[in-house]
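Read from first to last, the chains carry the letters A, B and C; within each, the first residue is number 1.
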Amino acid sequence: MDFQLYLDILGTIAFAISGVLTAMKKRMDAFGIFIIAFITAVGGGTLRDILIKAPIAWMHNLTYLYVIIGSTLFAAIFRAKLIYFRRSLFLFDTIGIGLYTVIGMQKAILLELPAPISIAVGTISACFGGVLRDILCNEIPVIFRKEIYATACIAGGIVYFALNYLGVLVNFNAVIAGSVVIVVRLLAVIFKLQLPSIYQVDEAGR
Amino acid sequence: MDFQLYLDILGTIAFAISGVLTAMKKRMDAFGIFIIAFITAVGGGTLRDILIKAPIAWMHNLTYLYVIIGSTLFAAIFRAKLIYFRRSLFLFDTIGIGLYTVIGMQKAILLELPAPISIAVGTISACFGGVLRDILCNEIPVIFRKEIYATACIAGGIVYFALNYLGVLVNFNAVIAGSVVIVVRLLAVIFKLQLPSIYQVDEAGR
Amino acid sequence: MDFQLYLDILGTIAFAISGVLTAMKKRMDAFGIFIIAFITAVGGGTLRDILIKAPIAWMHNLTYLYVIIGSTLFAAIFRAKLIYFRRSLFLFDTIGIGLYTVIGMQKAILLELPAPISIAVGTISACFGGVLRDILCNEIPVIFRKEIYATACIAGGIVYFALNYLGVLVNFNAVIAGSVVIVVRLLAVIFKLQLPSIYQVDEAGR
C-alpha cells in the first residue's frame, strides 16, 4: 500500500532526526550520530521482528537505509535551523508511532497472538527505537519518565480490539486505532498531560 | 507440571516487584514502572528463547502478563509497606532463580547443546532480567558488582551435570540442582559472602 | 579453514581482554569481569546471528568459551603487567575487526542481502561486542565518540564490493577487504585521526 509506505517514511525521518539530535547533544562523532539515528529509526521494528521471528524489514528493503542516511545528513547540515522544523518533526513522530503501533499489532494478529500481546508488540514497535536511543546515549529512557507516549499506543491498541469485538471492519479499525494513538499523543503534549509518578514514600525507612 | 508453574509464578512476582522497586527509586511514571517490572520478570527468559530460537514464553501464555500487572499494582499500592515483605520477596526471588536456572538448562539440553553452554543458558534465564532492569535504569548491573547470584546458578548447573554423569535420574537431578542454587544464594546473603573484586593495581601506570 | 580459526581466536582473545580491562576499571567482581569479557568477545557475532537468523556460533563450539575463560584468567592474573602487552592487544583487536567484518559480510552475502546491508552486518559483527561492553559498564559506547573504528569496517566493506564489481575473485577480495580494515584502523591510531564531531551550534536556542 503506497500510502502506508509514505507514512512509514515520514515516521522513519522523524525517528532518525530525533536520534541525530540526541546524539549531537552527547557530542558524538559523525559515525556515532548516524548509528544512533539508524537504531532510533529501526530499533523498535527490529525488536518486534526478532520477537515474532519475522524477517527484519530494513535488511530486505534499502529504502530505510537511504532515508536514514538522508535524514542524518539533512539534520547535521541544518542543525542550527532544526528549531524551525520542530513542529513538523513532532507531527512526523506522532504519525510514526500511530502507524508503527498499528502495523506491529497487525503483524502479531496474523500470527494469532492473544490481543494483549498484540498490543504489546505494537507498542514495542513504536517505542523501543527511542528506548534504545536513550540507552546508547546513557540516559534513562525518556518514555519511562515523563511522557504519555507508550500509553497513547496502548490506548490505540485497546480501541482496535474493542472495535473488532463490535464487528467493525479490519481496515477501518486500523485507521481509527492509529488516529487514537495520534490524538491521545497530541492532546497529551498540548495540555502537558503526564502519568502520575509514584515516588517511594519513605525512602529513609528502607 | 502444576507445581513448576506455581513456582514460576512466585519467581515472576518476585522479579516484577524488584523491577517496580528499582523503577520507583528512579522516579519513573506509572508506565515506566510497569515496563521495568515486565522486562525484569520476562527479560531473562526472552533472551534465552531468542538465543535457542524457541517460541517466547510470555507471548503465548497470558498468565505472565496478568501476574506482572497484578504484582505492579500491588507493589505500587503497598509501596510504603513493602519493607514488611522484604524477606518473602527475597525468598521468592531465590526460588525464582533456582527454578529458572533449571528450566533454562533443561531447554538447552533438549537441543543437545554442550554442558557448559547449557549452564550458560540456564544462568542467562535466571539473571538477565535483572541485568536489563539495571541497564534501563542506567545503573551498572548489580550482579556484576557485589552479589553471589549468577555464581549460585552456575554452581547449581555444575551439580546438575555432575549428578548426571554419576547416573542420577534426570528429575531428581533437577530438584537437587535447583536446591543447590537456592542454598548457595541463601548462604551468600546470610553470611554476606562476596566474590573477590579485582582492582587494577596501578591505574596511574596505564 | 585453520588459518581463519586461528585469526578468530586472536580476535576473541583481544576482545575478551578489552572487556576484562573495562570491567576491572568499574571495580566489578570476578563474575562480572568474566561476563563482560564474554559479551565483548561474542556480542557482535551473537547480534549478527540473531539478525540473520543463523545458529549462534559460541553455542555450538566450545572453543570460544574456553578461550574467553583463559583470557580472563590471564588478564586477571597479569593485570599489573598488561601494559607491556598493550601493542599486541591492539594488534589482535585490529586483526579481529578486520576478520569479523569480512566473515559477517560473507554470511550476509550468502543470504543474498543487498551490498549496503551486508556491509552493515559485517560492521555490526566487528563492533557491537564493544558497544555492549560499554553499555553494561554504563558508558556511552567509545566507538560513537572518538575513534575511527566502525568507519574502518565500512571502508573495508566498500572495497570488497568495489573489487567484486571489478570482477576480482571472492577469496582474494576478502583478504584485501580485511587488510583495508586493518590498515585504516592502524593509520587512524598512528596519526590520531578522528571523525569530526558535530556539536549543536546554539544549544541555548533550543
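Following the convention adopted for this analysis, a residue touches a chain if its C-beta (ideal position, glycine included) is under 8 Å from a C-beta of that chain, and two chains touch if they have at least 3 such contacts.
Because the structure is predicted, anything quoted here is derived from the model rather than measured.
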Chains touching both chain A and chain B, listed by label: C
Cα superposition of chain B on its sequence copy chain C - rotation in ° rounded to nearest 5: 120
Centroid distance [mean C-alpha coordinates] between chain C and chain A, Å: 29
Residues within chain A bordering two or more other chains: 50, 53, 135, 138
In the complex with chain B, residue positions of chain A that touch it: 50-53, 113-114, 116-117, 120-121, 131, 135, 138-141, 143-146, 150-151, 194-203, 205-206
Chain A-touching residues of chain B, taken from the complex the two chains share: 21, 23-33, 35-36, 46, 50, 53, 56, 58-60, 62, 65, 76, 79-80, 83, 135-138
